[in-house]
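In the two complexes below, chain A is the common chain; its partner is chain B in one and chain C in the other.
Up next, the complex of A and B:
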């Protein structure tokens, strides 16, 4: 068995005049790998090409040594959690996962049981018999993950799996992905534009910028560079004033800004984002503050990447 | 967490096509049901489908139910023929079929299916099958409902017409479904193009031009609807034809396609739409994305890129080739029907100075044909009205010159008769028996010179004879009166229809058919070749070799650079 599961050679993809991937020649190691880059770097394009959703403009990509496009045989071993939020809206969650499990080859009698187990795995069993129409963003994210896991694939492609989930679910999902990678030996490529999200899952990352692979390997070196720059995090909570009061006490919070256009958004700037992410869950539980969303705007990361690319 | 997941790893997976097909089929069936019944937007189109139901009661009540059944159901036939098949069925299938893939590609939910181990062609097939399960039945049943609304007031007469429309609605929605499914994949917003296609292309072109309507689907559907199940029986035709209605005028003036043509065209539209939809879903382009020769794998790679097109055109050429060539063979029968109006009468009503034409004289009707050598002509002839007359009528084939001479001679007779008629001041009819006697002598002479002839029975039984043209030449097919009783002056018709079987021009078409078939086979062969020879292991090896070469080039260039530096150092400083 090779030590990598994806190999690409001169992989190009352009949409009319926009170059999404530019002569990408990489080999992705087994285990959990984080695909990191700002929005528009070509992460989603790469994942879509790797799962045969898109066709490359030129160059080749091989999964386990087999070509990807027009080769349904290899899709048996692939699970894909795509970026888009739309699902088959007219179905219930359980039915959705069940039908997809059947298409992946699980017999009809067993598919229902498998679907229930997969949904239980992502913690959505309460909502599984409701139509997907009424799902929230976070629930959609989890049902997407369930359909990617239900047929027990060897390779998992997760496109921004943690986005728009609340901190508690996020922690559960991170644990799940870690266990899949470490205990069940799955090969997982997880994309994100937030470094600290990926960092909690894996230390092996693949850094993509403007369609090129600019770095591959251990995270610690890159993180040192990035930590020198303040990091902006946007938080959505109904009790933002209470949260702001608590956060003022921590010295690594540089500034707190309440959004005056909306009632429940606030932005904070911090020097040590990884510590902040660890702490915020604790605060949320202890002082009983409901945090419904946590995002990191891209502009911040982009400046880091431009810095990184300038140096190399 | 681990426990649950380890349960998931237990399931045994069998990837056979029945489980895949079944799951996708059920999924799409439920989706189609949701679109058809639960979506409020679709109800606009559903209402359009059911709208003509009100026509039956309205017409019946507006006319106080005084219309005859024929007129009443002729209106029914018009509503179906123009309204349903011209507009409503295309519009409805356009909405349903073009949205089948379009909404999934637009909101990218198709991803959930295409990341599963299914071939994209299977997706097309299963989606089309789920369409076939619901929509044709839906359209056909609504045609039945329209008949029901008419039938309640019209005593359920002419049920054959309703049955005929029921079957045609099935076929129409099958064909339109495949076509619009492809259109839905072709355009990001297919409704605009679909509306253009239905209103401008299908409706206007099909209604207002007799040549351009050949490139509409509606033309072939309508040809199917007016197809005559009893070609040898002039009293029976397609059940939807009522004297003077739209279907009637299409059948006789619209030059409808024959059975072989429309059945092949309709089947080919379905097959080609499905394969083109496949190539579209697969993102194949005929244009080479970059120069095939410059990349490893070369032409083999290019063939792989356009495989779906190869298969499409392979199928298209093989079918067309088979149809033009072997199926129709070297001989194809052309049928040609016409009618002669025979009306010999006492009163000479043509210009005094002009020579009378055949129809003025009324003793014969003729059609000109050019036959090639060895053409075989079967003439079917029958007298179609005036059952009780004692004249003798012959239908014959005769060379042009002989018959022309005969016509000139009779013209002299008729002109003399006219002169005498007007000079006799009211007693002109005395000359009529004379005219008939001298004409009959001439007619019997010319009958002796005819190449072949048959006496038409007076009881309107069809007659026929077969004739083989000895040489290329111009012939007349003539129905002629050879004996005439002056006491009866009925006019009557003689119908003639010809089956012409010739092989001169057919041989070229036959050869062309085989050429097309050969091209089709070659294209199909190329696709199989690309399927069989392409190997990803070879490709990887080629790329690795390229990379190795590139890196060794870099090394060697570095080495040579180093060498040159060393050399530079060795060069002794110039002495002054």
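Up next, the complex of A and C:
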């Protein structure tokens, strides 16, 4: 078995004159991988190509080493949870999953049981005999997940699965996705434009922007990459002007910005964050400057993402 | 509500093959398309000619003395092929072709367009099927729905006729071919209507628009050409009329009805002077072309838009 489940080489997709994917070349490691990018970055296009709903304009894409387009054999191994919320509204949840189970090839007599198992897995058994039109957004996400799981695929593509869910459902779905990846050994590509959602599920991410892969790997690797570039640190202190005067003497401080909306916040950009963190403690003690809060937005995936995408 | 209340038992059985999945698509689509009071009402309304004939048979069998009944049945309906041929003509002549067209368009125009509208194609296409499988499944569903204005009511009539008209065993064997001829005629009509409906359904996300286009394409030429032909009397113009194409194709499939009888004379009312085999070929060719275009539409469909 290969160590990666998706490979693409110079993958391009045009919608007339709009380029949705631009020479996307990636190899996606097994396990849970987050596909991150802003709206319009090409995430959904990529998932649609990976699940054989769209054909690439040029380039190659392989799932488990096999071509995807018009290859039902490989589609047996995948489950897809699409982004859209409109489903077969008139059907009950169980019937919906059962019918899609049969289209996956599960025999009629086994399809009902497989549907119930999948629905129980996503915790929707109490509502499975109600029509989908009465489902909340969170329930719709779960029933979509159930239909993706019903034929026990090895690979799962989840397009914005945590969107529109309340915090409790979100936590349960995160637990579920982690369990599917870690205990059931499924390879999962989960797309989102909300970075902290994916951060909860996995630290292995793939960043796409303007149809290109701009970074891939463990979050810490991406942070190492990021450390080569300016880093922002936000400090709360009532003596921000005094602190600013001191910091200007250091050549690795690139800029200092005082927050206009509050009286005690300031943002500092530095190209050597490690040295800054060592130095700021010393300054605080020696100059008697009270620092009540120090956060680095860059520690959050959001800033990694916005930082890296800004460079393109 | 918590997850993992019970242990998850993954499905470990064998997955069925291609035709099982196609049949699953067809069944699922049929259940969606042929449901509700609208479908039942339309079905009854479109089958009024065959229902009227069948009820007439039933009442004759019940209320007329056996000898008189047989005489009337023999004189009026004459033979199974002629009676059924007339029923088909009553349903598909230039004036009445509107109703079966509306039935087929109304119940089938959403077959693909509704999937596109609700992005359900994303759910289908991520399953282990290809677009051809999807198209075949949808086509089978359309054929099944269309049968409710073709073979199913015809079969009902044929059975009623056989049981009520005092048909002997030998006569039944002699007319048994009609069941197959009717099946052939139904297949041609279903194929034609179904493929055109499927094509329009694959071209738009608006099922109503697809249905209206389909009705206009089929019904208007028949009406206009029949009107034009009353003035110009040009037989070849009938090749542009769907009702004439169907009538002459069915005529070929059934053979020439006996002209000497009462109904035989009536059958000639639906007379046409175009070649039946050519009509049949035109209908089949148009159907094949429509199906190929439908498949082409499915393969070029960009689901995410």
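Please note the rule applied: the second predicted complex is superposed on the first by the 220 of 312 C-alpha atoms of A that agree within 3 Å, B and C clash if a C-alpha of one lies under 4 Å from a C-alpha of the other, contacts with A are read in each partner's own complex, and residues count from 1 in each chain.
Following the convention adopted for this analysis, a contact is a pair of C-beta atoms (placed from the backbone, for glycine too) under 8 Å apart; a residue touches a chain by one contact, two chains touch by 3 or more.
All values reported here derive from a predicted model rather than from experimental measurement.
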Will chain C clash with chain B on chain A after the two structures are superposed, or do they fit? clash
Have a look at where A:176 lands relative to chain B and chain C in the superposition and call it first, second, both or neither. both
So, does A:58 touch the first partner chain B, the second partner chain C, both, or neither? first
If you stack the two complexes on chain A, which partner ends up touching A:114: first (chain B), second (chain C), both, or neither? both
Per the contact definition in the header, classify A:45: touching chain B only (first), chain C only (second), both, or neither. second
Taking the superposition on A as described, I'd like to know which of chain B and chain C A:9 touches: first, second, both or neither. first
Applying the touch criterion given at the start, work out whether A:125 contacts chain B, chain C, both or neither, answering first, second, both or neither. second
In the superposed arrangement, does A:67 touch chain B (first), chain C (second), both or neither? first
Touching chain B and also chain C: which chain A residues? 51-55, 70, 72-73, 75-76, 78-80, 82, 84, 86-88, 90, 99-100, 102-107, 110, 114, 117, 120-121, 147, 150-152, 175-176, 179, 184
Residues of chain B touching chain A in the complex: 1-2, 4-5, 7-9, 11-15, 19-20, 22-24, 26-27, 30-31, 34, 38, 107-109, 111-120, 282-283, 289-290, 295, 304, 307, 536-537, 539-540, 543, 546-547
What residues of chain A sit close enough to touch chain B in their complex? 7, 9-10, 25, 51-55, 57-58, 60, 62, 65-67, 70, 72-73, 75-76, 78-80, 82, 84, 86-88, 90-91, 99-100, 102-108, 110-111, 114, 117-118, 120-121, 147, 149-152, 175-176, 179-180, 183-184
Which of the residues in chain A come into contact with chain C in the complex? 15, 44-45, 48, 51-55, 70-73, 75-76, 78-80, 82, 84, 86-90, 99-107, 110, 114, 117, 120-126, 147-148, 150-152, 157, 172, 175-176, 179, 184
In their complex, what parts of chain C are in touch with chain A? 1-6, 8-18, 20-21, 24-25, 28, 32, 118-131, 133, 299, 302-304
